[in-house]
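Chain lettering (A, B, C, D, E and F) follows the sequence in which the chains are written, and residue indices restart at 1 in each chain.
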Amino acid sequence: MKINIVNPNTTASMTAKIGACARLVAAPGTEIWACNPSAGPATIEGHYDEAMSQPGLLAEIRRAETAGADAHIIACFGDPGLEAARELASGPVIGIAEAAMHAASFIGKHFSVVTTLERTCGIAAHLVERYGMQRACRNIRACEIAVLELENPASQAYAAILHECRLALAQDKVDCIVLGCAGMADLCRELSRELGVPVIDGVAAAVSFAEALVRLGLKTSKRGEWAYPLPKAYL
Amino acid sequence: MKINIVNPNTTASMTAKIGACARLVAAPGTEIWACNPSAGPATIEGHYDEAMSQPGLLAEIRRAETAGADAHIIACFGDPGLEAARELASGPVIGIAEAAMHAASFIGKHFSVVTTLERTCGIAAHLVERYGMQRACRNIRACEIAVLELENPASQAYAAILHECRLALAQDKVDCIVLGCAGMADLCRELSRELGVPVIDGVAAAVSFAEALVRLGLKTSKRGEWAYPLPKAYL
Amino acid sequence: MKINIVNPNTTASMTAKIGACARLVAAPGTEIWACNPSAGPATIEGHYDEAMSQPGLLAEIRRAETAGADAHIIACFGDPGLEAARELASGPVIGIAEAAMHAASFIGKHFSVVTTLERTCGIAAHLVERYGMQRACRNIRACEIAVLELENPASQAYAAILHECRLALAQDKVDCIVLGCAGMADLCRELSRELGVPVIDGVAAAVSFAEALVRLGLKTSKRGEWAYPLPKAYL
Amino acid sequence: MKINIVNPNTTASMTAKIGACARLVAAPGTEIWACNPSAGPATIEGHYDEAMSQPGLLAEIRRAETAGADAHIIACFGDPGLEAARELASGPVIGIAEAAMHAASFIGKHFSVVTTLERTCGIAAHLVERYGMQRACRNIRACEIAVLELENPASQAYAAILHECRLALAQDKVDCIVLGCAGMADLCRELSRELGVPVIDGVAAAVSFAEALVRLGLKTSKRGEWAYPLPKAYL
Amino acid sequence: MKINIVNPNTTASMTAKIGACARLVAAPGTEIWACNPSAGPATIEGHYDEAMSQPGLLAEIRRAETAGADAHIIACFGDPGLEAARELASGPVIGIAEAAMHAASFIGKHFSVVTTLERTCGIAAHLVERYGMQRACRNIRACEIAVLELENPASQAYAAILHECRLALAQDKVDCIVLGCAGMADLCRELSRELGVPVIDGVAAAVSFAEALVRLGLKTSKRGEWAYPLPKAYL
Amino acid sequence: MKINIVNPNTTASMTAKIGACARLVAAPGTEIWACNPSAGPATIEGHYDEAMSQPGLLAEIRRAETAGADAHIIACFGDPGLEAARELASGPVIGIAEAAMHAASFIGKHFSVVTTLERTCGIAAHLVERYGMQRACRNIRACEIAVLELENPASQAYAAILHECRLALAQDKVDCIVLGCAGMADLCRELSRELGVPVIDGVAAAVSFAEALVRLGLKTSKRGEWAYPLPKAYL
C-alpha cells in the first residue's frame, strides 16, 4: 500500500520529519511517500498562506495519483485544499486535523488543541465545526511559537508546548490533547509520557486511518460533490 | 493484537457471521475474538432491548479485558453501552455505528443510513448527533425487516435493502450508504458492487479503526469521564 | 392517582427520603409508591453504574405497571433508562433531571446545576442537550461529594452544596439553581430560603408534573418509538 | 389557588371558551380567572397583532397581580408578551405554546403543530427554537382557518383540523399532535379520541403546569432578566 | 430618498442626537426623518419597556409610510417591533442591532457588544441568535449605565464605556466592538480612534444599509410572513 | 470611492457583464474597477476550481490595493478566498454570496438560492452556515446550467432559471430568491418583475454594501485573524 503525504509548505526539513514520523507508525507493507510542493510559502500561518499553498499541494496530489498512490494525506493542521484534493483523488484523502480530532473522539471525551500562533486558531475552530467536534473540543490554545521555530532546536518549543498542555489539563476539563501542527509530530510520544494522558499527532493518526480505509476497500465517492473536476479551459 | 467483538444480543449465528466478516478485513497478526452475552435478548430493536442487553455486554468486556484484549468493538448499530464499556476498558472501545459514520465522513460528503425497523431510527438519529454527523447524514431509512429475518435465507432481505439503498441514492442527494445493522455485514461488498458507490459496514470499519488506534498506542483516557468505575456495593 | 417513584440505586435509606419528599408535595388524593430495585449498585455515579441499574429499574416499572400505577418517576439525576421505561409504561414516565430543568425554564431565565461528583457532569450535560436546555443551563457544577455522603449527617454536605450554589450565583449569571441529585431533595427548601432564589429539586418537580399529566389524561404515545417492546426470546 | 388566564385578543366568546376548558381540567380548589384586554385586536394572526395586543395583555397581568393571582397564563399560541409578563408577575407565568410543547415532550418523541393560518407558522417556529424543541417538533402545519372561524359553528373547522392532523400522522413521523391555537381548546378531547394518539391543548396543559409550579412553591425569579420593570417616566 | 428613523422611546433629546448622527453619515440626497412615539416609556431597558413601546413605534412607522418614507430604521438596540414594522412597511425596515452586527461581520472576525444595563443583555443575546451571529459575537458586556445617564454630560459614561471596550479587547479575543445602545451613537468615532479598532454604531450602519437597499430597489417581501397585517376589528 | 470587483475566473465576457451590472447600481461618485486574474480556470464549478483560482484572485486584490481601492468584491457565488483577501486588504472585502444572503435577510423571512450545477450546492450550503443563514435559507436549487452556458444567448438559461425560481416559490415556503452565480447578474431585474417577489443579485448587493461600509469609515480589522499576512519565504 502506498500512502502519499503532502506537506503543503515548502520547508524540506519539515517534510523529512513528517515522513519519518509517518514511517514509525506505518504497518508492515505500507510505503510512505513524503513530499512538498515545488513552489509556495515556507510555512502556513493564515488564510493567505493556505490559499497560496493549494495549487502546489494539488499538483502533488495529481502527481502521486498518476504514480499509483492508494491514499493521500494533507499534513498541515488547517487541512488546506482537502475537498479540492478529494475531487482529484480516486482513493481516500485525509487531513491531519481531521484524523487527529476523530482519533481523539474515540479515546477521550473532551480534548483541547495546542497549536502554534493565535492567528491560526480561527482556522482550527472552523475545522472543529466542519468535523462535528463542537462537543468534544473544549479549547484551542496557541503557544505563540511560529512554525519554523519548531524546526529550530534552540527554540524551547517543547517546553512551551508542554506548558500549554498542562494549562489545558488544569483549566479545560479535557482528558486528551490534540497537537495542532504537523511540525509537532516528533514531540507527541514524549508529551504523552510526561502528561500521562493521550496526546494525538495528526500525522500518525492520518497514516493509520488511511491504512484502515484502504484495507476496507473504501475510496472517495465520485457520485456527488467530490466527482473529478470538470474539464476546463485555463488562461 | 487481540480485538474483542461483542455482539450484544444472544443470537449465536449472528455472532458467528460478525466474527467471519471481521476476520475478512483484519490485518495479518490481528486476532479476532467474537462473543455474545450469556444472557439477554435475542435481538435489539428498541430502547428496552438495549437496556436489557447491557449488563451481559459489559460482562463480556470485563472478561475480555482480563484476557488481554487490546481493543473492543460493540457490534450493534445503536452502540449500546459504549460509554459504560469505555469506563471498564483500558484499550479503545468502538461502536459500529460510530465507526461506520466516521468512515463515511472520510470518503463521502453525505450518507444515508439503511437500517432494519422504523422504531430503531430514533436511536440512530441520536447517534448522528452524538458523533457530530448532522451535516453528513442526510436520512435514516428503515426497510422494515426485523433483525432475525436477516439470518433467514428465505427473507428476501438483500433485495429489500438494495431497494432502499437505491431510493436513498435517488432521493437523498447522498454519495455513500451506511448499513445500519451488524447483521448486514455480509451484504456490504455485494451492495457496493451493484450500487456503484461506497457502502459501509460498521463491523469492518470498527475492526480497521481499532487496529489503527492500537497501532497508534492510543488507549481510553482514564483522566475524566471514562475513568474506571468507582468501587461500589451491590445488592 | 398512584405515582410510582423508582430510585434506581439500591440504597433503601435514599428511597425512604425520596418517598418522604415526594409525599410533602403531592396533591391530596395522590398515592406515592417509592421503591428501588432488588439488585444493582448502591449508588449511580457514572455510565457503568447507570447501565447496571437499568434491568432492576425496569423490573420495578413493570411491576408497578401491573399494579396499576398511573405514572412513573425515575429518581436519579441522570434519568437512566427513561426511554426504555417509556416503552414499558402506559402512563407518563418522567425523569427528575427532565422535570427539574423544565420547571427551571418556566420560572427562571438561566440556571446552573449543582451536583455530586465531577465525573457525572458529562451525563448531565448530555441531558441538557437532549431536553433542549442549552440556552437555559449556564453551568454544571460538582461539589465533589459522593452520593452516599449525602446520607451521612456528619458529611457537611449541606455546607458544601450551599457554597457551590453561592459560586453559581456569583459567577454564572443565573437566576435559579437546579439540584443535581435525588439525594439532595431534602435540602431544597432550606437552600432556597438561604439563597433567596428558586432552588429546584427534581423529585418534587417530577411529582407535580406527573400529577399534571395524569390530570390532563395524557399517556405515553404508543404510536412510534415508545411503542411496547417487541416480544423477544431471552437467553 | 387562583390562576389568571389572559386571552390577549378581545373576542369575549373565545375568552369564555378558554375559561370553560380551563375549569374542566383544574384541580379541586383551583379558581380560574379568565379575562381579555379591554382594548386591542379581535384576533392575533401575525407580528403586528401580537405587538398591538401586548399593552392590554400586560394591564390584565398587572390587575390580576394586584388581585392576588398565584399564577398567570397567556392564552394565545404565539405566547405574546411572555417575558414582559414575567417581569410584572411575582408568581409563575406560562404561555400555552410553551406548556403544550413541554407536555408533548414528556409523552411523545415527536410532535407536529396544527395551527390556523400559514402566516403565523413562523411565530410558532420561533417558539420551537426558544423552548429547545427542535428535536421534538417535526412540522408546523396550517389548516388555513382564520381564528374567528373557529368560533363559527358553520365553519367546518373541526373537519379541516382533523384532516390536517391525519396528514401529520401519515407524513411527519410523529406520535402526538399539538394544537396551535387557544381557540381549538374545546376540540382536543374529540380529536384525540378519533386519532388514537395524544392531542395536546395548551390551555389545559398550562393550567395543570401552573398548578404544579404553585404547589412546588416556585415563583418567577426576580434576580435576573425578569426582575420587576424599572420605574420609568411615561409620555 | 427619505429614511424614517424611529427612536422607540419618548426622550426627545435622544431622538435629536440620533437624527444628528444619522445625518452625519447619510449620502447626499438622503433625507433623514427622526421621530419618536407620542406616548410610551422614556427609555427601554427590559422586556416590559419593549412591549409598551411598540404601539407608539408602529404608529410612527404607519405615519411615515403614508408620508412616503422609502425605508425605516428602529433605533433601539433590542430591535423592538422589527417584524411587526415589516408587516406595516412597503420598503425595507432595519433594526440598529441588526445593522451593527451585520456590519461587524463584514469587517471583523469576532465582536463583543458593549451595552448599558446587565438586565438587557438577554435581549441582545436573543438577537445574536436571531441574526445568526453566534460565531461572530464573543461576548455581551454591560457597563451598568442606565440609558438616560448617557444623556447626562456629568455621567462619566464615555469613560465607563471606553473601559468596558478595553476589557473586551483584552479578554474576549475580538477584533471589533459593537455599541449596544442608540444613545451611544455620538461616541463611536472617538472610541474607535482611541481603541484603534473598528467600533460600530448601529444608527449609522442602519442608515447606510437602508440607503443600500433602497438603491438596490429591494423592498420588504409581501409574499409571506411579512405581508400587510390582516384587517381586524379593534376594541 | 473606488471599488475593485474581481471576477475570479478568467472569462473576460463575464467580467465585462459583472462590471456593467455593478455600474448600474453604483452611487454617483463611485468608480467601479472590474477585473479578472491573468491565469486560472475559465469558470469555477467545484472545490478544485476554487483552489486554482485563488492565487490569481489574490494578485488582483493586491494590485488594486496598491492602486488605492477603497473596497473589494469577490464576484463568484462561492466567495472563494474571502478571508485570504481580507488579510491582504485594508478596506472592506465582500463576497457576493455574503452580500446577497445578508440583503435577503433584511427584506425577506426565507429565501432559496437558485444556482448553476448541483455539484456546487455544497459550497453554497457551507456559506449558509458560515454566514449564520440557516434559518433564512430554505433550499439551494441547481438548474443544471453550466456557468459558460449563461454567456451563450442560445442557451435558454433565462427560462430554466425562471422555472427553478417558480418551483422554489411553490415548494419551499420562501418569500424571496437569491441568484447563485455572478453570471446571472443581468437577469435579476427581469426575474423579479416576472415573479413578483424580490430577487437578489449578489454583485449589485455587494456594490451597495461596499459603498455603505466605506461611507461608514469601516475597514477590515487588522487586530486579529485578518491581520496582514506574515512575511514569508517563497520557493
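Basically, contacts are C-beta pairs under 8 Å (C-beta built on N, C-alpha and C of every residue); 3 or more make two chains touch, one makes a residue touch a chain.
The chain lineup, named per UniProt: A, B, C, D, E, F = Aspartate/glutamate racemase family protein.
Keep in mind that this is a model prediction, so the values were computed, not measured.
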{"item": "Of all other chains, the one whose Cα centre sits farthest from chain F", "value": "C"}
{"item": "Interface composition of copies chain E and chain F: same or different, split at half", "value": "same"}
{"item": "For chain B paired with chain E, centre-to-centre distance based on mean C-alpha positions, whole Å", "value": "52"}
{"item": "Whole-Å gap separating chain C and chain D, where each centre is the average of the chain's CA atoms", "value": "27"}
{"item": "Inter-chain centre distance, chain D versus chain E - centres from mean C-alpha coordinates, in Å", "value": "31"}
{"item": "Interface hub residues of chain F, defined as touching at least two other chains", "value": "109, 122, 173, 224-226"}
{"item": "Of all residues in chain C, those that touch chain B in their complex", "value": "10, 37-43, 45-52, 54-55, 58, 81, 83-84, 86-88, 119, 121-122, 129, 146, 224-227, 229-230, 232-235"}
{"item": "Complex interface listing, chain F residues touching chain E", "value": "25, 27-28, 92, 94, 98, 102-103, 105-110, 130-136, 169, 173-176, 189, 192, 196-198, 200, 204-205, 208-209, 211-213, 215-226"}
